[in-house]
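Consider the two complexes below, in which chain A is the common component and chain B and chain C are the respective partners.
Entry: the complex of A and B
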């Protein structure tokens, strides 16, 4: 898949974003298997992006709700009363600066929806609140694995680990993790379908390029794009910019829903030293489905 | 002709004849045994950690508890029996897909992946995408909420990875037969590679509210040596919801 160079033109950003201080001159360390060292804990910014003219979302009516995850510009996400200033604490000591975030291709942020699929997803959104059935409950509310995009921007950090031949990303969010295999060339067989997809990667200089397929057709991009299809194919680029920053870019190719690929940028900022994860249990305490649908018949 | 002679005559290397300790265990750049890989038990401890005969849906098995005795306090036995009676709906993991706790996560009948780097160990479990971050050489956190998987801290004793786990809630069971613990549970796990593809796993369980003394489970962990071994996803909760809420809404 190819995109024009225009896609890489820097966008002015609406959001306030943060990056490490004066770090661009720092060199990148290498590990014993020669991978550039990207290990450590980071927070993510800018990946949960809003398309131009987003549809009305009855779950997260952005235009009315100042706490909407889509509207908030401080990266604090949808649960400010629970998580408070967590993101800012995690990013302790880092100065504000500008990096690319959000939809960077097409530049006008109008996603190349197939018209009939755009109609279908808008109808789907309307049927999410009240939820028509289980299919219309977002995965995050079901405590299922979130896919590549629906983890948190802001509060819940991501830890990168690099054992030989792999990059492992551990999310705080819902004890999620994903493994990117560096020594494999072929994807898993087509019958194997995964929430997190099947990721194989390689390094191009300081950029980890990750090719992911085998998605299960259930994971969302955002609250406005509540599902992507089984044909979803992503190419992510994690660029180790300096010791404290990883630039992120993902090309989203889903020919069932879109006439062409689109592209989102974001970045990871190193968390303050000595921050540790604590358990994010989800299903264990969740009453969401019972509250929405009533109690299921006794087993 | 015995096997040793056959090896000698044919000039073959018969690995089975070499004592385990003499075999090379792969090591990390830092010189520690390299536990990276996908592992799984070959036992029936998830159903019952003690000796048990078969039942419908329960494979028979020899226990993994040293001495096969779990030293319950007398007053705790009634709860254990009640758990067993209600296990089809009350087992937090098997019936409700909740995080399995420690050590049960190790012997659920699903593989898990050890991710080991210089400073850190993470264990990813296929069951319920359970996950443990195990910081090395650090102290237990204080004042954090009790956790399903506990608070794990690792260190090396020679070639053995030792993980000290505290800060549990009292919600998980040790197996499907209803063996349980309180929030005073303290588990010390030991991972010792005995050769390239086996780990000796030992977990000492101490919980003075429920047991009269510490006790121990022991079992080998087997590396998944399949060429294409890969940890996949068993999204237990998702499938359970698909079953229970397939005709929703109910009100």
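Entry: the complex of A and C
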């Protein structure tokens, strides 16, 4: 009798799991070629590489650092603290279950730096304020493409398009676009180097798996990891969870900088209906260089 | 009505999560050089990655200097309740901010007081503590 009770519980649990799976599968729309439909405008959340022990970063110091804007004795930081908040108000009003965000592997959020490379990036950061030279000006400020974890996810949405044989991700940020080829099985020749890399993809159920290589090493991971290497190889997994959510996970393999792979997760949420993609002419509104170095000489 | 939009925007922001600004504040502006000017708005540009507010300021000797203040991204300002015509040319404002490292009449805007006493926040590059 005890055994049959347990069996009944197990059967009930299995039924619930099956029903949940069916409901999940049903909630994903499909295109005419049976691919999961991920088209539309989304905002991205949580795709950041914030380490457990972040390095001292003089261009963007945290509260405990002496340069911190929060340490002014008059309490007059550059902004009310409210402006550190924001982000993803652009998305629709749908509620989100707790999802995995940030560094998910290693679980302790300590990246597997090659010791000499960790020293090098910490020194690089120190030389960014005051900027030692043009190379030490933040890539974002120089209107470079957003790399892996840069960009302003709170302000700038992403649009997914699915023309035949491709998935195209249009970043509002800096007019960046990535074309993921679903038919090609091999990457471009090694002589072809691209800011956002060469991406080929395939579907595994509701998950778009994207393999990217051929980076040119001229974009950054993040504000704290201000560059990446040409040998970077990423595998991204975009899982269409439902009509409004795409779960995201990326595995980083950059053997010049790290001794092993690490992973970051986050998710895309469908944007509110009134969100627009606004022209991002970065060179027009960014005046970083003259704010740091002064106006260029008159011609 | 505008105040309602502003308050609603602020409430949404409070409920939201940290974001990263386009550029790091401390590389470009000097937190130890706060500035406050009173002047007349000459124009506002809703450009990415930052909007810019231009203000004519009369100096003690009578000369006029056109200051420019960096604001947040248009999308950030819109979320805060701003519209392109929230501040029209000719409006008298008191604006506080932090001067650019290179000096000159350039600053990162922090907040702007309008003649009717309303205070608008600029939605610009965020302090790191909240990232």
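Observations
One rule holds for everything that comes next: the second predicted complex is superposed on the first by the 235 of 299 C-alpha atoms of A that agree within 3 Å, B and C clash if a C-alpha of one lies under 4 Å from a C-alpha of the other, contacts with A are read in each partner's own complex, and residues count from 1 in each chain.
We adopt the following convention: contacts are C-beta pairs under 8 Å (C-beta built on N, C-alpha and C of every residue); 3 or more make two chains touch, one makes a residue touch a chain.
Everything quoted here is computed from the prediction, not taken from an experiment.
In the overlay built on the shared chain, the residue A:295 is in contact with chain B and with chain C.
Of the two partners chain B and chain C, more chain A residues are in touch with C.
By the touch criterion defined above, A:192 lies against chain B but remains apart from chain C after alignment on the C-alpha atoms of chain A. Once the two complexes are laid over each other on the shared chain, residue contacts for A:284 go to chain B and to chain C alike. Once the two complexes are laid over each other on the shared chain, residue contacts for A:155 go to chain C alone; chain B is not touched.
By the touch criterion stated above, A:122 is placed in contact with neither chain B nor chain C. Legend: residue contacts after superposition of the two complexes on their common chain; A:170 is shown touching chain B, with no touch to chain C. In the superposed model, A:131 makes contact with both chain B and chain C. Once chain A of one complex is fitted onto chain A of the other, the partner contacts of A:114 are absent, as it touches neither chain B nor chain C.
In the superposition on chain A, no contact is made by A:202 with either chain B or chain C. When both complexes are aligned on chain A by C-alpha atoms, chain A residues 130-131, 143, 174, 278-279, 281, 284, 292-295 touch chain B in the first and chain C in the second. Of all the residues in chain B, the ones that touch chain A in their complex are 29, 36, 89, 92, 97-99, 113, 115-117, 119-120, 122, 124, 128-131, 133, 135, 138, 141, 144-145, 147-149, 171, 230-233, 235, 237-238, 241-242, 244-246, 248-251. Put simply, chain A touches chain B in their complex at residues 32, 39, 130-131, 133-134, 142-145, 159, 161-164, 166, 168, 170, 174-177, 179, 181, 188, 192, 194-196, 276-279, 281, 283-284, 289, 292-297, 299. Chain A meets chain C in the complex at residues 45, 48, 50, 57-63, 67-70, 72, 76-90, 128-131, 137-138, 140-141, 143, 150-156, 174, 223, 278-282, 284-288, 290-295. Interface residues of chain C facing chain A in the complex, by the touch rule stated above, are 10, 12-14, 16-29, 31, 34, 45, 47-52, 70, 72-76, 79, 97-98, 100-104, 106, 108, 110-111, 121-131.
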